[in-house]
Amino acid sequence: MRKQVGSVGEATASINDGSRVLIGGFGGSGAPIELIHSLVDRFRNTGSPTDLIIINNNAGNGRVGIAAMIAAGMVKKIICSFPRSSNADVFNSAYAANQIELELVPQGTLAERIRAGGAGIPAFFTKTGYGTELADGKPTACFDGDMYVQERWLKGDFALVKAQTADRFGNLTYRFAARNFAPIMCMAASRTIAQAKDVLTDGSIHPEHVITPSIFVDTIVEVAAPEQEEVLVREERVY
Amino acid sequence: MAIPSGLSGPQIAWRAAQDIPDGAYVNLGIGLPEWVARFQPEGRQVVYHTENGVLGFGDAPKEGEEDWDLINAGKKAITIKPGAAFFDHSDSFAMVRGGHLDVAVLGAYQVSEKGDLANWRLGSKGVPAVGGAMDLVHGAKRVVAITDHVAKNGAPKLVGSCTFPLTGLNCISRVYTSLAVVDIDPKGFVLREKHAAVSLETLQSFTGAPMHIDGAVTDLIVPDLA
Amino acid sequence: MRKQVGSVGEATASINDGSRVLIGGFGGSGAPIELIHSLVDRFRNTGSPTDLIIINNNAGNGRVGIAAMIAAGMVKKIICSFPRSSNADVFNSAYAANQIELELVPQGTLAERIRAGGAGIPAFFTKTGYGTELADGKPTACFDGDMYVQERWLKGDFALVKAQTADRFGNLTYRFAARNFAPIMCMAASRTIAQAKDVLTDGSIHPEHVITPSIFVDTIVEVAAPEQEEVLVREERVY
Amino acid sequence: MAIPSGLSGPQIAWRAAQDIPDGAYVNLGIGLPEWVARFQPEGRQVVYHTENGVLGFGDAPKEGEEDWDLINAGKKAITIKPGAAFFDHSDSFAMVRGGHLDVAVLGAYQVSEKGDLANWRLGSKGVPAVGGAMDLVHGAKRVVAITDHVAKNGAPKLVGSCTFPLTGLNCISRVYTSLAVVDIDPKGFVLREKHAAVSLETLQSFTGAPMHIDGAVTDLIVPDLA
């Protein structure tokens, strides 16, 4: 039972054309930049992976991370809640040119659909979106006099997340608000790949402080000095 | 008729802040609603929630001291206060959807007399982006809107029914505007406070549905904040 | 904003006849014995609260805690997954005498219904119980070729939980496997009452180690030397 | 015909343990399935899950050293190993219902040739108690049952369809019995291993539905464990 691998390229090697990839992060916090860039590198070298379906809260910021994937032409579709950010030019251009599909999901429904995917709940009801264009065509039902929309689970073939600490068993913790979507994405993916600033080789994370239990994590790779997406965007870095 | 100028944005936020009780858990929408935190009355403790998984955050850090793993839903840098907690997005929206917040203060393009809110897009053009708006409208024991009373083009923002894409149905219980404080009850709009500089007739003429009177209407009094 | 009170009796004073009370614990781990016994005391003194609906994994063990409530005659109905334990004589007698109603719920469905109550999800679908007598009369639906049962949220007027540490804001941690149902019960109750071995008066729980965020907790009371139910049962203690 | 004695309970558990691969996350039902952990083959790391919120638990503590906040779903005292984690019941059953466990090993009153399992009650009398049984049957990539081949009264436990109350439909992929290892596929029961002391005819006579042969049938060989 060995989950740790030596490089980000090795960690993401099994992601292939058409994969659905859940990617942690909210704005720049929690974006697993090195894992994402390993996919961009492979695409540039081999033309693969392409036609990816990306699930994230946003649709890329600046010209790094998910934005770099979109700019490279690897992304077929994005499922997110907020593609319109101050630095979303790459997505905006691709969308205007019909080069990328968008499925817009309210943020809490996005979170709950992902959690449902991880928890074996194929569908659930929520008040969110009822009566709005984002619920068009979805089943509705009345419970206790209130109307709700039925939403379906959302799963991924892979999840890419940025952890603060991992132990060799695969337990994870996160830094501050970089946690955001990562724990539920780890649950909802067939295969979860985590980069961690620190991989404990002796000892393990205190069992009461574990945020993502090891059962949800398949592959870990140490990235000791990870980039922070917001910092890269503010420096106008281009990958 | 010229649009009455009424309160500034910060003044509207100030008025909304006065109604947030001690001990409340509060979510402030992105933009003008964020100003509400600056006007929290002395002596009240309010715990602020942000969708990306933080309870108990405080002011922005000084420029240059930002930690970009510590941000709010508007992607602005924040600091945390004693008693803060981090949690994941499913727990964060459990707080919202489960009605655990006491108050949510949201911006508005239009509010209808049934309490419907339109605040996420102005039409079908451009890239749509909803974020947490549709969750937050059903996400607190009390959901209120703050907005200018009238759009820049002179159109009422308090309307019979929303013409912009809806964020949620029957969700707003009070609207704080540049001219008035208005409750929404089964009758429709009910005027509670009115800017002293506008008459009832003028206020009605800039409102897209009947403004009911039910009990006292007091003056909307707000400090200068200049 | 003051959540801490001075006694368990004060903490539970607003629980009244007919209340639905979620009570943390799995077997003896996590049972908030002192909070429960404060209700038994009040019932003996005043005849109230009675006709309670109790939601717990079990139906009482030995002659303390929930078993003492049942023996006192305060409990109208219990919603649980496993009433049949090695020390459930009190429940068994009351059930055989038709003095208590039982709603039996599979354990994972019980957990998910409670979590749904806390998360504003009025109904969801699960494979659990499909085709069994515990799904009789419930709506079913097919998703992606598999059959599922629709289950409803489960909320309480109150939750009683046993925490290890609380801070004055109401954040909680738990001890080992005493965590079990407590975090979701805190979410699903209109009013959550936590007893804690230690209430921090200065400082607060590390924000990355908080298990139950303060928004889910209304009242805290320090019980510095809490009883452990399993220990009491093994000592054959009677309350 | 006398019921063939076959393997003891621990021997059945031993056989099941041999099929659990290195690195697996495993839930063992209460009772006989708990024995599987004792026979984990040397050199394999297996992480055990218990419904009440623990991953990575180990042996029972010595008598007198129990901590009753550290128990398994059977309410027995446990210890934890490096890499353990605690979590709440919703996360615990997300692991189960979400199919994150690799293997679940459950006891059985009856298993049908369609893979239906009855293991939670024998009839409609007495106090019903289900616990996590109905969740676990849909709770792992591979759900297997371990059981005597025949009930004490001589009735087959591998049946055409269950007569006892069902725990779940179409959920069991393999049954380890005192006489055989039997897979369940769309044809029904498929014999993989057979106790050398019973003939195929005898085995069939104690089985309530056709036992298919599809490929080699090997001897069911288990150490003495005396």
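In order of appearance the chains are A, B, C and D, and numbering begins at 1 in each one.
Simple rule for what comes next: a residue touches a chain if its C-beta (ideal position, glycine included) is under 8 Å from a C-beta of that chain, and two chains touch if they have at least 3 such contacts.
Note that the structure is predicted; figures quoted are calculated from it, not measured.
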Exercise for the section: Report which interface contains more C-beta contacts, comparing B-C against C-D. Expected result: C-D
Practice task
Compute the distance, rounded to whole Å, between the mean C-alpha positions of subunit B and subunit C.
Solution key: 36
Completion exercise
Per the C-alpha means, the centres of subunit C and subunit D lie apart by a whole-Å value of 30
Completion exercise
Averaging C-alpha coordinates per chain, one finds the centres of subunit B and subunit D separated by a number of Å equal to 56
Handout entry: Shared interface positions of subunit D, touching two or more other chains
Key = 86-87, 90, 93, 96-97, 138
Fill in the blank from the handout: Listed in rising order, subunit A residues that touch 2 or more other chains are 112, 115, 119-121, 126-127, 174, 176, 208, 211
Practice task
Could you run through all the chain pairs that touch each other?
Solution key: A-B, A-C, A-D, B-C, C-D
Fill in the blank from the handout: In their shared complex, subunit B is touched by residues of subunit A numbered 26-30, 57, 81-86, 88, 91-92, 95, 102, 104-112, 114-115, 126-134, 174-184, 211, 228-231
Practice task
Would you mind writing out the residues of subunit C in touch with subunit A in their complex?
Solution key: 112, 116, 119-127, 141, 143-144, 146, 148, 152, 173-174, 176, 208-209, 211
Practice task
In the complex, go through subunit B and note every residue touching subunit C.
Solution key: 22-23, 25, 45, 47, 49, 55-56, 80, 82-87, 90-91, 93-101, 138
Exercise for the section: Please give the residue numbers of subunit A that touch subunit D in the complex, ascending. Expected result: 1, 115, 117-121, 167-171, 187, 203-205, 207-208, 210, 213-216
Problem - subunit A contact footprint on subunit B (complex, rising order) - result: 50-54, 67-71, 75, 86-90, 92-93, 96-97, 116, 126-135, 138-139, 165-169
